[in-house]
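Going in written order, the chains are labelled A, B and C, and every chain counts its residues from 1.
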């Protein structure tokens, strides 16, 4: 049908080269020597003035990493990564611990401004009516600024860079670091544990509702540099926090590695809502360049009646390998995973979640929406498991895939393991193409092909979009539109 | 003025001719009815006017306001004022009616060089027009047409028509699936849009709709071409005699 | 991908070595011999599949199959017609021709091919010996995955089986029954192979039954494979009843090839099996074909029942339907893996899959991996999987109406499994399957 061809043509035109965050910031930086050995690990630790226990932990992870091999089970293909051909640490030269915004290199401030992330608190106040978001901005390997710290402090909330937390709150770090994602959890997590540079740390004290949205913004700027951030969020008894992560990188011909680890801990009756809008550079229209996004994210519902909710919007990266998961350890705990994964060009996405039901009467919900266009491959991979003693476990899973064009692939690989009879699991999945009838109907009403595709796709992903914090919903809707229709953007 | 000249249409995927030399003129300010038996090409004509890709024009032309539209994309035609009220309106999961209406209204306005409506302006207009069509405003917050009854869908079509302010309205079997009360509401909605600047083409199998939307002219479409043209009384004749005399003729 | 041979297990070692002792007595000419040797080589290199191989994640044969048994060749265990009738149970009443194999060897005296009009049936062993290499060459180029160690073992050791042919346009009314019986006081490793070819526009019903003779040892390992080619426009119902006494191992491969506009309905019943792995590989060769796979697996004790399907939509406009139901009691473990592949050119594919399990005991386990791999855009595909207990509200409702607990449970379970049984078109066969299932349900513990 001609209309199908027209759609495909439109989507083919999608100019992934128009990635609007693809600029580079020229700034002097301090880098670790290329390659990875014990000295690199020591160098990173020394740069950060870390205590001895932290260095030991890193070295231990490095030893474990050396014995491990890269996982091959995901439906992604890439040339072998030369881990010695990377820089593992890069920091803007002046960034040695700025205490206030005034000390930050204006070039970096400008970068964030271009990205639409105002770091000056008054700008934030002026820019977004009625809603405030505290931001931790990470530039290559270090955190450059964290906003609204004082106000958060009044509420007892700790929100700072990971490096700062290692120095200022060692008792919390030692207690929780690696308690959700152990050093040897997987190849990339082990690598991260050895060389992680910076990231965010959040602690919400008991019975506290964090007074504002927290957000971290990651930016890879330096060439040939891997970014290995580490995020740790702890919600103490009865606490609540909503956290959002965003990311971009310049356009480069080489592939860049991003191997982050995120650990969440929710104690009794605590709730953590973690949202990600992942928009790393996806590579150009021929599949050259782009970020390899190999990320380990896991939440531990350690306390009873605790809740962890992951929402992710994945539009970027050449390769995405990521499975934000929940360990439902506490009785009556709940895990949620809401995902939108859009792939276009030659992007490869292998993403999903694990819901591990361990406690009694735990519940989980998975809503995954995959949209594949161009020559991309988009895989949902998920595990739902109820252990022997996890009586009363409940899960509902719905994964839907939408195909735009006939050169892409959409795959669904769920693993469902019910190890006791009281588990009640329901899984459903559908794959279909974008409806030509609906597109025609929309166009008859005056919408252009691009608008019609964006409208239908946004309808398709609506259940998940609604999970995002209000402030980011509109932005995200636009982002999805742009990823699918360069012709519009 | 709408001028259809010696139009030939076949299915895009196969060599099956459906419209075989149709010629028709509808001046602005007039309402013309197209009546005909099932399979005569009525719905095809509606789709071809709106630019559906499943059909291919093999000969002839469609001129709207002096301009050929057969090469235009559907949304370009919409911007030029062509509106098709579908026989089976689409359900669009996840897309709220208001979002859809606003996106469509503003797209069309933009292409016509009109200013886009701000949200408050838009809401005001929608509320006003929806209430005239007995459409509960809450219904518009639900996804487009999803779970709507036949009557609700048709009323939603007429609301879209009112919002997009087209100059050529094509109504495809708008009476199908409507009870007498719903038919009245829909017809009143259509009649309210009758104006000297607007041409309308009402496609129907039965005469009853034409009691409510009284046409200036009635055309009989059978075997892919206009077989007879007359005044509104022709519809009544057809109700008596049926379409038999127009069928089985060699095209 | 080869599985780097670590230490060979006792089973692997034994099954590799026994070949030298029995190969001379296995039927077939030189070409078959070559195929057998090559297959044994593959098995030896691959070893038994283990959980590190994705497709065998939930069924680790290397771990489960520890004790090797002697390979059955020229078995002469005495079995009478009366024995057969007893062993057949509900199947004894099924009207139609039958061919019977005991411990992997054809028994002419137990078989009865009267009334097999329009359908040619022969024993594979005799055919291989008589026709020498004609069929052997065909077997050497068998379909199915060549990295499957279980299938490789089958090719290496197959002793007998049925060769079935239905000519073009012939419609066979009565079902053909293929009986594979386990008998004797010693457990044996048995490998059988069926080759079925259904001509264009033909219609047939074929039933495979895997049963044990009461009073025999409960041990036994049966490795079975069926290749079935369904011609254009043909209609086939293919049913397997594997109903044993609880300890035997049943490894089965069905390789189904479908011609254009063909309709293939496959059903598999598994009950009373210690360890079962049922693989079906279905491939469409012509457009417009319909595949309907369904099954029922009933497990209790420490039974382990695995169903693994790979449906390959290689051409456009085909339909696949899969519906599997399981009932698990005791510590039984059920596994359902269903992969649907839609190749880039297979536009207008319509694929739907559902696996549902009732868990009757707190220690039962169900692992499910429905999988979609889709490379074409104009498709409608979906799958579902559920695991749950009996609905306690319904149970209460029935009991409140005066129905005893056991009866209420049976009623609910029967209605649960009924949906899958209804997929069997042949009424007589459906009744037999229902009888077997009822027999199993009647022995449910509290």
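One rule holds in what follows: a contact is a pair of C-beta atoms (placed from the backbone, for glycine too) under 8 Å apart; a residue touches a chain by one contact, two chains touch by 3 or more.
From a predicted model like this one, the values you see are computed outputs, not experimental measurements.
**Student:** Answer with line, ring, star, complete or other to describe the graph linking chains that touch.
**Tutor:** line
**Student:** Most central chain by CA mean?
**Tutor:** The chain sitting closest to the overall C-alpha centre is A.
**Student:** Between chain A and chain B, tell me the centre distance in angstrom, where each centre is the average of that chain's C-alpha atoms.
**Tutor:** 48
**Student:** Could you tell me the distance, in whole angstrom, between the mean C-alpha positions of chain B and chain C?
**Tutor:** Spacing between the chain centres: roughly 57 Å.
**Student:** What is the distance in Å between the mean C-alpha positions of chain A and chain C?
**Tutor:** 44
**Student:** Any idea which chain A residues touch chain C in the complex?
**Tutor:** Within the complex, chain A contacts chain C at residues 4, 73, 388, 391, 401, 403-433.
**Student:** State the interface residues of chain B toward chain A in the complex, per the touch definition above.
**Tutor:** 12-13, 50-54, 73-75, 77-79, 83-84, 86, 89-90, 92-95, 99-100, 103-105, 107-108, 111, 143, 160, 164
**Student:** Under the stated contact criterion, what part of chain A meets chain B in this complex?
**Tutor:** 1-3, 6, 435-438, 440-449, 451-452, 455-456, 458-463
**Student:** Applying the document's contact rule, which stretches of chain C touch chain A when the two form their complex?
**Tutor:** For chain C paired with chain A, touching residues are 54, 328, 344, 347, 357, 359-389.
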